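I have placed the structure first, in the form of structure tokens, so that the comments after it can refer back to it.
Letters A, B, C and D mark the chains as written, and numbering starts fresh at 1 in each.
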């Protein structure tokens, strides 16, 4: 059991997908204006990444490997991820239109979110079994959500700052994200993978 | 190669089936025209039409609850596009620009006290009634300039707001931002304006400002109905044409000016 | 109507009197509070300390002046905040660090961590710590070479000189399960007085406490952050020490070594980057202490104070949001 | 059991040097009639009074010259006998333009016998007493100016069990209430009894800060001379804003007025000592409110004093009576230094709410700056309502009124403690005032939209 815990800990703190592996930056910047929206995005990404890890593992183990179609990995994974995202979008539009409108373009963009594809590919490369893939998928998504929530808090603070004209808007957000990842480097070596 | 096509084809088919079921489960009705109307609007979200943004204005048009010519930034061609989508003929909209009806900057208007507080017109007006002796004049703390989406309003070194007509898109945000209601939307081609909004009588205005309207009514005679008196204040009626430049020299209060038209 | 009886009155919103304090006086108070630690550093490390402090402070002030001119803002250096950042950055550097790196750290601290956000009050992260962590990650070797100090060897009578810091020794030797040296009252007193190596400002606990007392007197810091910070460090260390005395040192060791005292009283209590509610300060301090111990015991770096404070700085907006006091007239019967 | 300690310590608050030495020992001086009285018809909260007189009319002292308009308003009476010179729009201390009646006194100071004095008010019916209070045009003289007859008539379902007479006078520099308590303690107790009779409340508490020992002693003697059931004096610890309504109720009774609520929601009513005295004069001697005591002080003032001036006396005349300015003053303030209104001109008449006239020399008038907030949390420490002035002011600077409303900006009592301690000298109270106005406006618009939909 501690093995799974360490896996999650390493995915959330040590190799955080956003702050250490620098993946999923566009929704990280796009959705970090208001906290409720960020929480909504975090949950959506957790659902998509966890389920995508499971399904992509199944796809790899039962379809691609036996048929020797490893080279089709990316296309198949994207196909599955897109389906999940479309599913989430329809569900959200039906059950919470407010969150759907707030997330706006960034919801369908989860398909192109590199975190989702990355977790699927890493699962395959590290030869994780089903349980490990699911746990790692969940850990990676939790890391993304944690970084997103912390960054949204920071973003609401620097919205009130007065950076020079050239740094207003996304530029100052990127500088802050850089400093945040500098801080997260403290967790380097925390878990002996 | 053949097995690859079959494998990916089947996966695709499975995903398609899942989505088909989901689409029926989560069906939501939405008026298709709203997207088209949104495309026609400039998307500045300036609120000039009185709605919270282009999306709300589009929804209101789709429900036939709003006229088509409210979008000032869009101007005439937007009105045509909206009319096309709704299949309705709509009257074109004359382009309007904002103008600040006050000319008394720090050198020409006396001050009542030295103000010390937030550099914002609404805040300054609430402290001691504004630091200008004239109770109606522009305080020059830039509330309008900060609100303008296209930076068309400049606060002159003399501390008064001046609109650059060529930049103004007529969205009307500055009109709402000015606590003293000095900014009005006027037809773009007009170039003669009475730069004063003080309703005080002549002697009071003379003590407060060197370029105030002292209510001598001379301009109303010369302009032949295009300028009317509102108490002791001359007000231009923009519905009537006004070409007679003689008003500018004859005005003893020096408050009628020629603003270069665009 | 109203003739001018005398020169125009000044009219402003209420209140019309003031307690008298200003940002400048607060920064001066912090500088005065840092003097004891500075004196000990000069005495203990000699010329190196003087060089580093001079380089850092002047680099910070110059960087701020140039940045403000580039941003066409008023030259904000008269509030001494750049001097404070320079001093604190110098206190976080090993004495033997080359001046060029110190200048680089200063420029990053002032420009990247403060002025780019618009100057004092807008920066979410503590500038001095950003400078230090930047240097630690960019120049790991130079940032971890220390001066010698006399080590109380495990067996009595044996004396040895080493250049590793107490924490550095702990990290390396404990890895092989060997206790580096005995830690008893005499050693604790030696550490507290300052007879150990480490960064310029963190060596002498006594000097830091003197400065902290002055800050409390001038009401520049509140007790919540330092007490919960040191409390959390001591608590975690005590639990680990109880569970496995062979591999962990007592809590007093963890409190007296590394940057805990400097961090708790001067870095974490930086007004701009710490919470504004008392409850929030408590959580902030506890968080800093916990993360410090996590990094020290399980992390890759021997010292975790800088990273812990920076990570907690990132959480400050969330802390401020969720620790709001109950407004008068709300809650019970409101 | 006539002297009690505070039940609780109200949160936050600051301790400014209270600088009352210049005038706390000086007895009240009656000011002679000025050459011209300019009586504002809007000396109270609520709608300004409707003028009843026109140019050339002859009036006598106490004759009603302004009619209350609507429920929350108050009558205005001629402060002396004379002829009405004009009814003109004139700036008020807050800067707005309101109607005012200019009267040229004829020196006879002849009373109009409108209100019959009634000595045995104990027998009179409480509704008659309340009518007399309305007739006399009384309003809160502590500074708010809320019409007293409205306050004394709470709805039936809101019984009042405790009347608090506010003698805290926590504003630095002001000593008007202090001198009133020392010189006319008996009158204040009579007024308190009358107010209790009207409210049929059970308890009377007179709250006085413990930095006024002579006032405490005088009030205690007056109470001992005419003992009263369930009446006592509460010596409150000196702090600012101890005199604020909500804070004083909490300190004296331990009850917390709910947010957005009124003191009557917790069965308490607070009245200023000057208002109690005016109630006594209105009922016992049948005299409407025509004059009040104010402290003229500040380093630039030649002879600081407590002056009893007629309502409408131009402040320039009051200043002249106190020997004028011996050095240039940067600020002239109506009221105290913490919540007073800075005046653009001295040509404003004394109003029912003018508790002081304070002059600040240029070096003693600190200026606000727009430096950024450095998050030092001293304002959070000082706020008596436990709000977050630092966060609120930054939100209001960024015009984010929704979050400001969620952070309870409407609960701000504008006491000035936050701006007083702010090292960055930010105009926090102005941010709060603007925020409250915008949030209230937004709520009204929402209600209108809901009403239409």
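We take it that contacts are C-beta pairs under 8 Å (C-beta built on N, C-alpha and C of every residue); 3 or more make two chains touch, one makes a residue touch a chain.
Just so it is clear, the model here is predicted, and its values are computed rather than measured.
In this assembly, C is the chain whose CA centroid lies farthest from the centroid of subunit B. The mean-CA centres of subunit A and subunit B are about 43 angstrom from one another, to the nearest whole unit. Averaged C-alpha coordinates give centres for subunit B and subunit C that are 51 Å from one another. Chain centres here are Cα means. That of subunit A falls 33 Å from that of subunit C. With touch defined as above, residues shared between interfaces to two or more other chains in subunit C number as follows: 2, 9-13, 118-119, 122. Listed for subunit B are residues 112-113, 116-117, 127-128, each touching two or more other chains. Listed for subunit A are residues 160, 162, each touching two or more other chains.
Interchain contacts join each chain to each other chain, per the touch definition above.
Partner subunit C is touched in their complex by these residues of subunit A: 35, 149-151, 153-154, 156-158, 160-164, 167, 172, 175-176, 179-180, 182-191.
Note for the complex: subunit C touches subunit A at residues 70-71, 112-113, 116-119, 122, 124-125, 130, 133-134, 137, 291, 294-295, 298-301, 304, 306-308, 310-311, 313-318, 321. Chain contact summary for the complex, subunit A toward subunit D: residues 159-160, 162.
Here subunit B touches subunit C in the complex through residues 111-117, 127-128, 131, 133, 204, 207, going by the rule given at the top.
Interface residues of subunit C facing subunit B in the complex, by the touch rule stated above, are 1-2, 8-13.
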